[in-house]
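Take this structure, written in structure tokens, and hold onto it; I'll ask about it next.
The first chain written gets the first letter, and so on, giving A, B, C, D, E and F; residue counts start at 1 in each chain.
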Amino acid sequence: MGSSVYVINPNSSQNVTAEIDRAVAPLRSADGPDIVCLSLPEGPPGIQSQRDVDGVIMPLLCKASELEDGASAFVVACFSDPGLHALREQSRRRVFGIAECGGLTALTLGQRFGVIAILPTSVPRHLCYFSAMGVMDRFAADLPIGLTVAELSDEAHTLGRMVDVGRTLKAAHGADVLVMGCAGMARYRAALEEAVGVPVIEPTQAAVAMAVGHVRLLQALAP
Amino acid sequence: MGSSVYVINPNSSQNVTAEIDRAVAPLRSADGPDIVCLSLPEGPPGIQSQRDVDGVIMPLLCKASELEDGASAFVVACFSDPGLHALREQSRRRVFGIAECGGLTALTLGQRFGVIAILPTSVPRHLCYFSAMGVMDRFAADLPIGLTVAELSDEAHTLGRMVDVGRTLKAAHGADVLVMGCAGMARYRAALEEAVGVPVIEPTQAAVAMAVGHVRLLQALAP
Amino acid sequence: MGSSVYVINPNSSQNVTAEIDRAVAPLRSADGPDIVCLSLPEGPPGIQSQRDVDGVIMPLLCKASELEDGASAFVVACFSDPGLHALREQSRRRVFGIAECGGLTALTLGQRFGVIAILPTSVPRHLCYFSAMGVMDRFAADLPIGLTVAELSDEAHTLGRMVDVGRTLKAAHGADVLVMGCAGMARYRAALEEAVGVPVIEPTQAAVAMAVGHVRLLQALAP
Amino acid sequence: MGSSVYVINPNSSQNVTAEIDRAVAPLRSADGPDIVCLSLPEGPPGIQSQRDVDGVIMPLLCKASELEDGASAFVVACFSDPGLHALREQSRRRVFGIAECGGLTALTLGQRFGVIAILPTSVPRHLCYFSAMGVMDRFAADLPIGLTVAELSDEAHTLGRMVDVGRTLKAAHGADVLVMGCAGMARYRAALEEAVGVPVIEPTQAAVAMAVGHVRLLQALAP
Amino acid sequence: MGSSVYVINPNSSQNVTAEIDRAVAPLRSADGPDIVCLSLPEGPPGIQSQRDVDGVIMPLLCKASELEDGASAFVVACFSDPGLHALREQSRRRVFGIAECGGLTALTLGQRFGVIAILPTSVPRHLCYFSAMGVMDRFAADLPIGLTVAELSDEAHTLGRMVDVGRTLKAAHGADVLVMGCAGMARYRAALEEAVGVPVIEPTQAAVAMAVGHVRLLQALAP
Amino acid sequence: MGSSVYVINPNSSQNVTAEIDRAVAPLRSADGPDIVCLSLPEGPPGIQSQRDVDGVIMPLLCKASELEDGASAFVVACFSDPGLHALREQSRRRVFGIAECGGLTALTLGQRFGVIAILPTSVPRHLCYFSAMGVMDRFAADLPIGLTVAELSDEAHTLGRMVDVGRTLKAAHGADVLVMGCAGMARYRAALEEAVGVPVIEPTQAAVAMAVGHVRLLQALAP
């Protein structure tokens, strides 16, 4: 078994990967597994549609195959968890998805979780996914901030929209914990939590934390 | 809008496509939409793994895109419904999946449906899918016949295994309707129904029936 | 087996039956089963209460018994599906209910379905029915237009109310597909779909489409 | 408001009514409401099919209407709860069904309830009903003893079959409380409970107990 | 077996116990079991937090142990049902919880039940409890009136808030039956029911009614 | 915020605590939080009954209160998660329960999780807990090994029973991931996984891994 936790951002954006890398930095330790974040050059600049989700699976499997020998675990770092089951089938390493780990971690922090999506079109996809996970009795709602890629570059406006949506999830839908429904937004987490007054899960952190724990436990068994 | 219902078998097996074609033949009528069954040459000989499922999505979308103008509806004819949501996103036509339509049609015929899978490895995939569909309260069980491709060529043995599994689904799991968890097996449907004593849904027939109905209703609205 | 799909409107309104007949006309074909729509003279002018629902069952069973020999399938054309299970028990033909088929067909078109009811008192009955169907995880809400029979004769006003309710189901309850919770309203379907911007299922069409498909498949097996 | 709790056995069997009367006798008190058990002469000798269930609704509503003025509550004493919702709609009194009250009372005594049915054909009807009640997460299984009316007259054999089925529900399905899925069987309750080793609910007792409590509370409010 | 139904209010407030005593008075009869309501001196003045809930369990078990010989049944009279399962384990008598019985009784009166809580912090606890009960498909919402202990002493204001919350549960969340999410509020029940226009369950009454019924049935079996 | 993750074994067994300490040792790192495992001297030698579960809550809260200033997180290390919600209410640190984390982590490894309990009496408690968690659609079954404390000291026999139960969960109940339903059994994990052929979650490891991840992320935010 290799030593690295590979966190694969299945889009081609180096900025998103860099943001993920910063988000998971606190999970690195001198005596723990490496945590290597990388983009998928074959992926689109951002994963917005179902086509984008499905389209990155084959290149993601190919990339993961190249990384297999050096890998101790994989994290798929897109909130639609593209290729999660196929990668689990392909790899001898354990594979974590950020939507799955984000949602499950939320269940340890509140009775009903709300999700802040970017695009309205992602909402039914998230619902279907959480339904497949079997956690709808704990689900409050999933609401989009509805900003375009251009608008997302305005950080104050983006945070403002996240806070608005978070407050609606709390007040109107009874959410007492929130999940950020997108990778690469970790810089807003603390401010969002502060403004809305409920815990906020950043899903790449949730998934990498579980991956690192798993790898440490596994390495302890190795001869 | 085009006039054809395109039934895309996302594997490359002409035999399976021919079997689907025979299965849906009774749904053709002189004054109704064409029903055109075709294979996906880029697909694997059979769809067995999650990788197979995910791997056919992009070629299936590409094929469907070429067919769009002539299409009145699409049917994805593999029991994992690969690319269903992506094709719905891409196409202006309505898109039907055989697992979805097979499972839903079963709900009109019994209180609890059982599924006869081919491979054991398909079972968790089916469970996840029916969970995403939100119908687990009506689900009895999903059991595999566990035959290899070579063994499937022995028709008597295949039918025998299907009957065994069907009887177990009925007696031990309370299924009062069965769904064949695979395309291209329609020739066994009547004998299986007879032997087990509960209705059996052949999923390509279920999906194409719904597609034809939709197209007829839509064409009636056209100017 | 007889050749006709009998669509039984279990109220005595010839107008409703005529509207159903027009709605399902596109599902007729030269070489397919007859589709015969008929009223139940013993039924009330409209089915509004639970008593109305239960009260039509015995006359409906009686009527269906007379029609049995000429029938290839039955459709119960009232959104409370009165007598559905009893007719399935009585008849050797397959029996379809419009609420069941309407709800199930909706699941192929959206993640969460909303229902437009006529009367407020029908709403808990619908909830109970969809709960029995086991599909509440996919259910958005069921809201009434709240018009009296007299008011329903004003078509523009009726459509206006349907559009209002449909928009509320979409915006406030997250419905991305709608089901018309009543037979005999097909003339509003296209306009409602256009105005609300999500697919709208007319349930008699959904049920008859499934019935016709079934009959065609069954007749192909006949010697 | 009248003073009697009317327990309507919707079949015509005086023996069953007499057995119900004995079962609920301990719930009578000098200063409490009368508890009057009666048969429905228009009903069949026993309620075995869905047709039987649906067929007794209108005569049951008619009978209840005659009794309305003297009634303080109604109990529908057949495990399919025929006409429960229609009678609630018709009557100004509260209406209890024995399947509903039996199932709900079971939830206070164990984590998963099993049901002992008489006929195999009742099982899917019960499942549909408990699904409509929304309690399937607490449901273990429903199994029939499978005896004919003639065989039911052999009490030792009937008890023996109930014990067999009860033990299977406990051992194989994890039931830790049982519900007798039929009225008129109260004489077996104590022996069954003793033999199987889990609490057993007799549903007419469960429903009449709730009805009597309700009437006492209501009468205390009367001027 | 003793003859008393012990209703244990696990807080130390004599006022609340007196109110419970008045609420259940109509359930007493000359020939029935005694109904004895008592406070738990070791309990807090009111049960507001999870710590309060958990903290009363041991003293409650101790008190119940002292009462065991004289008891025919126990009722735990706090809407968080503290110690319900532990008391069931300890005692040879049947044990009823007011939240459990209140929620279950509500299911006999409406399709979706709403709960009126006192404190916002109780809401997630209630949700978790109803989820454990497996009845979330019938659950509308749980909303707090949000009054402090001091404010609760103003009866008109308290009723006003209950009516406001009840109307919101009905209009915005579709509740057609309400449960008072607290013991000791029975004096508001009739006015609340009148003002909101749906049935209102007072949970100590619901639980004691079930307890009395049980005891009567059990005593009838005694030699 | 303190620096230690306190893992509180709420029984008084030093052996169990030592076993937990060994189990979580690989999760320690030079630059990470301390992980301190401790027993609760006031607790019983083992937690077997509901009374045991409820009885340790107050001493556990008291102990945690003493540890609060030095704590960065708490883990409650008993598979009934005693006091989880009360400790979350009391503490300013995040609190993890091993049943909750064990069950949630299992959802990342298989479609249906099975639980290996020690005592039969724990099974309904576990079912109730997983029902409260809202994950019953992913739950296969919970079966006890049924050994007494004395028998548990025979390690070979204990492992043998675990393997038997694990194989039954896999073969008869469709579990494709197992959770050990007890703390202090980590030494059997690898052998059990090997023998049954599905992943096995040791719940203290699952919970401590999540706790450590959380603490690292939180400490990175500290000024």
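The definition used in the following text is that a contact is a pair of C-beta atoms (placed from the backbone, for glycine too) under 8 Å apart; a residue touches a chain by one contact, two chains touch by 3 or more.
Since the structure is predicted, the reported quantities are computational estimates derived from the model, not experimental observations.
Shared contact partners of subunit C and subunit F, listed by label, are A, B, D, E.
By residue number, over half of the touching pairs seen at D-F are also found at B-F, the match among B-C, A-B or B-F. Counting C-beta pairs in contact across B-C and across C-D shows that the higher total falls to B-C. Between subunit A and subunit C, the centres computed from C-alpha atoms are 42 Å apart.
Centre to centre, using the average C-alpha position, subunit D and subunit E are separated by 26 Å. For subunit D, the set of residues that touch two or more other chains comprises 128, 131, 133-134, 136-138. In terms of inter-chain touching, the protein chains here follow a pattern that is not a line, ring, star or complete graph. You'll find the chains touch as A-B, A-C, A-E, A-F, B-C, B-D, B-F, C-D, C-E, D-E, D-F, E-F. For subunit F in complex with subunit D, the residues that touch the partner chain are 123-124, 127-128, 131, 136, 141.
If you check the complex, the residues on subunit D that touch subunit F are 110-112, 137-138, 174, 176. Residues of subunit E touching subunit F in their complex: 49-51, 53-55, 57-58, 61, 83, 85-86, 88-90, 125, 128-129, 131-134, 136.
Only residues 25-27, 29-32, 94, 96-97, 100-101, 104-105, 107-109, 133-138, 190, 205-206, 208-210, 212-214, 216-217, 219-221 of subunit A touch subunit F when the two sit together in their complex.
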